[in-house]
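Each of the two complexes below includes chain A, the first together with chain B, the second together with chain C.
Now for the complex of A and B:
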């Protein structure tokens, strides 16, 4: 088991991009090679060791056996776990845009808040955020009509606008509250929101399932009540309580399921 | 009552106005001794912009000295200094471009590419969200000529052209006689959907007031009604269902429908998704009649920037070249967000005034970084700028191409000579690009 500890030593207002700091790219690298890893800051290429103290312990034969731990104020560190396919990243601090974006495997834990586009277009793996996330979590790239298509995102705090925009598949669980337009254009997958939801959830949704355990401020006219069920079995587990099942969005002839706890 | 202008010695016809996205190309300039003394056919705003051209005009390049005062200098010094600052910056932003020619914009894109800059325009604070929606779900387009000749039902949503685009109604949509609309206004039905009773609402046949920030809900409900679904609610977004049903009937029965929308749609709560669902409503209407839509673009070539940049990079605004290839992400590579995050270390505004357009918090950052202005007139941004490069007016002192709000390219004539020590944006950007290339060559050697 190889562990790479990165501790931020120099702060920057210009964001750093971490595309090259992935378990699959560093698991077989020496301390020197890791220190020389290229990171991007604005229009310049710099070395990882310019901004981080690096400690490496243990050895690994594949990326799954490698963990990268990043400490410090990471609010200007973008693309942590971008395109990640295996291994583990633990970020101890608030992280910048695109954490876990396009990831296909492995496990990312963020012990803080995440900026927008967390888990964007992710196809596999687990992204756990022990704080709040901003807009477009699990969504698509701007102009793209395919969002998250696999994997699992767990948000312990609140989620911002347009969660799971254009979601195709996968699972998102929000422990806290959710802002407007969650699951908009969704055509598959599963979203569970334990807190309260602002208005217009599931707009233009075609397929997929959304469960709301808190209060919903306003439901769109395109959703029609189908039935009321006690302790429904949804997505492989029982939800305890009385749930109203709506179907929609009829505006796009959608057959999505919206479960709202009474 | 103003007296008609009679003291002129030359008339230049069929000029294009350089004020709003209408790009009225029937303007006549009255000249005396090679100076514009009068303007015919333009609206009051367009005419005022041209006639009051001399007021607060920037006439020489300036550099701010160590005491914080702008001092006149030579073009060589000002351009060398700009090139050096831009070349050595890590997160430069090149903003503006809405009031210059496509020819200058293309030079700007080359500069952004060579310097790894972010290039962005006024769309970031106006119709950027509309363009995102166009890229997501398509866009049933039309030209203003089609509207003039064919449209019998015209709907304005969240826009007030009577004040913002004063000749829009008289030239294209409401009052003109068209090939299939021989009786002009009498052959057309004008409906305004707006939370406010605007001047456009006043001249409309019907004003439908809806709750602010509930555009998304309203358009969704209209789609449902159009599909024949019954709604349980008595009113949606503050509008009684019967009124919405009547509106849907009017829209279905149109021979040619044209819908125009403004920032009242693209900048309210659901932003891009408002436009997204509005586009789908218009697409659905095409099952019953011919319907198209257009955003009411503000500056005369704000649309041209989006077209030029999309043609070069695939993205319409907020394009980041920092990694050598174009990237675009709303909130990440867009100017206001970058300034809010305190990222830029260089800012150049070309034919735009961030001092007027930007929120206060973002302007605070502009005070702390090198700022360059390429523009024709003194404005709030001049007070922030470290270097000022005086340029010329497209369509008055310089010829060039601009795109109207319906994406029709129009040639803009040169009518009078420029002030002696001012140069066109294209000239300035070409010289700047040459200097940047020289710096790059020196570094490579």
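Now for the complex of A and C:
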């Protein structure tokens, strides 16, 4: 097992891009090569060692056996785990845009809050955020019509607007509350929200399943009540309580399922 | 500067040079018969040498591309390449909707030197020419949209062919246009009322004019003016099952119109992306190929030419002035759709399109396109296009060439790759034709330049423009008919060894070594200025009533088209003295 410890030593107001700092890119690199890894700060090429103290321990045969631990103020570090396909990244701090975006495998843990576009268009792997996320988590990129299509996102805090916009597949679990427009344009996948949800959830959804365990402020008129079920079995597990099952969005001839706990 | 391209295997169909090992001499921007001893020798021994590529129908500049780029950011993210350190070109981005410089880089690397922008509404011509200024390394004629223009419709309705002739002549000057483009005549205008027209004889709701009247009138005007290119027609009913009958009627409706004696081309009408207009059936459930009937007509008649609009199994973007058709596609697919009104000139629309080798309709369209390549006996009557990006992006031309040259490859695709509609609903499986390099040179150079009326290119005869492409294929040791060589053809034709334009080396060893400004090619009809002024006076009040801009701000000023090739045409048609 190889562990690469990165500790931020120099703060920056201009964003650093971390798309070259992935387990699959660094698992077979020496300490010197890791220090020389190119990162972009704004439009300038810099070395990873210019901004981080680097400690490397152990060896690994493949990316799955490699963990990158990032410490410090990461609020201007963008694209952590961008296109990641294996291994593990632990970010101890609040992270900037696009964490876990387009990832296809591996495991990312953020011990802090995440900016917008966390896990956007991800196709596999696990993204765990032990804090809040902002807008477009698990969604498509602006203008795209294909969002998250695989993998799992767990959010321990609250989620911002347009969670899982254009979601095709995969799973998102929000422990806290969720802002407006969650699951809009969704055509597959599963969303579980344990807290309260602001309005317009599931607008124009065609398929997929949303479960709300908290309160929903207002349901869209395109959803029709189908039945009320006690302890329903949804997505491989039982949900305890009395749930109202709505189907919609009828405005787009959708057949999505919206479960709301009474 | 002088160059000798030494010992290349040359394919120059216009001059009957078919794979002969010979030298090409270049002085400044022309092909010559000899050069001085100071000439630089480029050793291309055994390599494939052709004239610079000429694309007669592509969508590379104008507002529709800008809308597409804004509307499809996912497309721009494809094909991103950092600026290469050993080339003079910059970064690339985009697949079906590349950035303007990327378009120039990719065409240049493919050995193309002339590319026609096939649909520019006069109102947006400034925008199109500005974009051309951002595309490097090409000669670009633009075709001006007239098929749904209100002034045109009015003159056709009132049978005022003199006024229509003056209008076209003047408007080509205003738009700095090269030729007349007709898109879904009357249908795009009907879209203003949320409608389309059904066939050639269905009148448009406001003016009561039919597509047949528009096409015949504009063809007569085109021949009267003696424009180098014929009318360039996107016929009615594009993409509708059963539309082959409308296409046949369109072929036939101009056959008695006399061609201008002073032009070199053979055709009086060019029908574009013919593949999209060749379906039988009543719905997408019972659709089948109507190519056989159209091929038969093309083989028996000389008054028309076609380009194909081949499908290439990609996720691409369709964009056209045929806005009602784009709405039909939106109804069919439910994908995001954009629509734009171009005031009293035309409409336009845009929608992504996903062509899959497993989707029956996509495969039928793919097979219909290939049927035309296989069935039309005379390659001088057709041209290789994908209607880029509508059927697929232009970077797929080499892939199409690999299909055309190898029957083994095509049969393998029919047997193993594509949905069985290709064999069940088309005749593609019955053909075993294999194109030669000479015929490929016709499809991509010689016929396209002849159809466009650009006689100074598309060949390597003495006096021709020094546009030459050389590919790293040892012609005499390479068998293009082998399936295993298909990917080699694709790779080599995508990355030319040399691309030379106007005697300047732009690509060397597959790397872009020089960037030059693109050249705007447009037609300037001389001898009608006095009458055009009279017409202008009459038009202005109507223009200022219907347009959102003033007439004075409408035309493309000269500084938009630098450098330019102004093709001066001396008017020699009927007199206007009574006008």
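Note that the second predicted complex is superposed on the first by the 262 of 262 C-alpha atoms of A that agree within 3 Å, B and C clash if a C-alpha of one lies under 4 Å from a C-alpha of the other, contacts with A are read in each partner's own complex, and residues count from 1 in each chain.
Just so we're on the same page, contacts are C-beta pairs under 8 Å (C-beta built on N, C-alpha and C of every residue); 3 or more make two chains touch, one makes a residue touch a chain.
These numbers were taken from a predicted model, which means no experiment stands behind them.
For the composite obtained by superposing both complexes on chain A, the positions of chain B and chain C are in clash. In the superposed model, A:211 lies in contact with neither chain B nor chain C. After overlaying the two complexes on the shared chain, residue contacts for A:25 are found with neither chain B nor chain C. In the superposed model, more residues of chain A are touched by B than by the other of chain B and chain C.
By the touch criterion defined above, A:197 lies against neither chain B nor chain C after alignment on the C-alpha atoms of chain A. In the superposition on chain A, contact of A:108 is made with neither chain B nor chain C.
When the two complexes are overlaid on their common chain A, residue A:146 makes contact with chain C while staying clear of chain B.
In the superposition on chain A, the residues of chain A contacted by chain B and by chain C overlap at 141-145.
Within the complex formed with chain C, the chain A residues making contact are 141-146. Residues 70-74, 77, 335-336, 352 of chain C touch chain A in their complex. For chain A in complex with chain B, the touching residues are 13-15, 17, 40-44, 76, 78, 97, 116-117, 135-136, 141-145, 162, 180-181, 184, 199-200, 203-204, 218, 220-222, 249-252.
The touching residues of chain B, when paired with chain A in their complex, are 89-92, 115-117, 132, 135-137, 216-217, 220-221, 223-224, 227, 229, 231-233, 236, 269-270, 273, 276-277, 280, 315, 321-323, 328-332, 341-343, 345.
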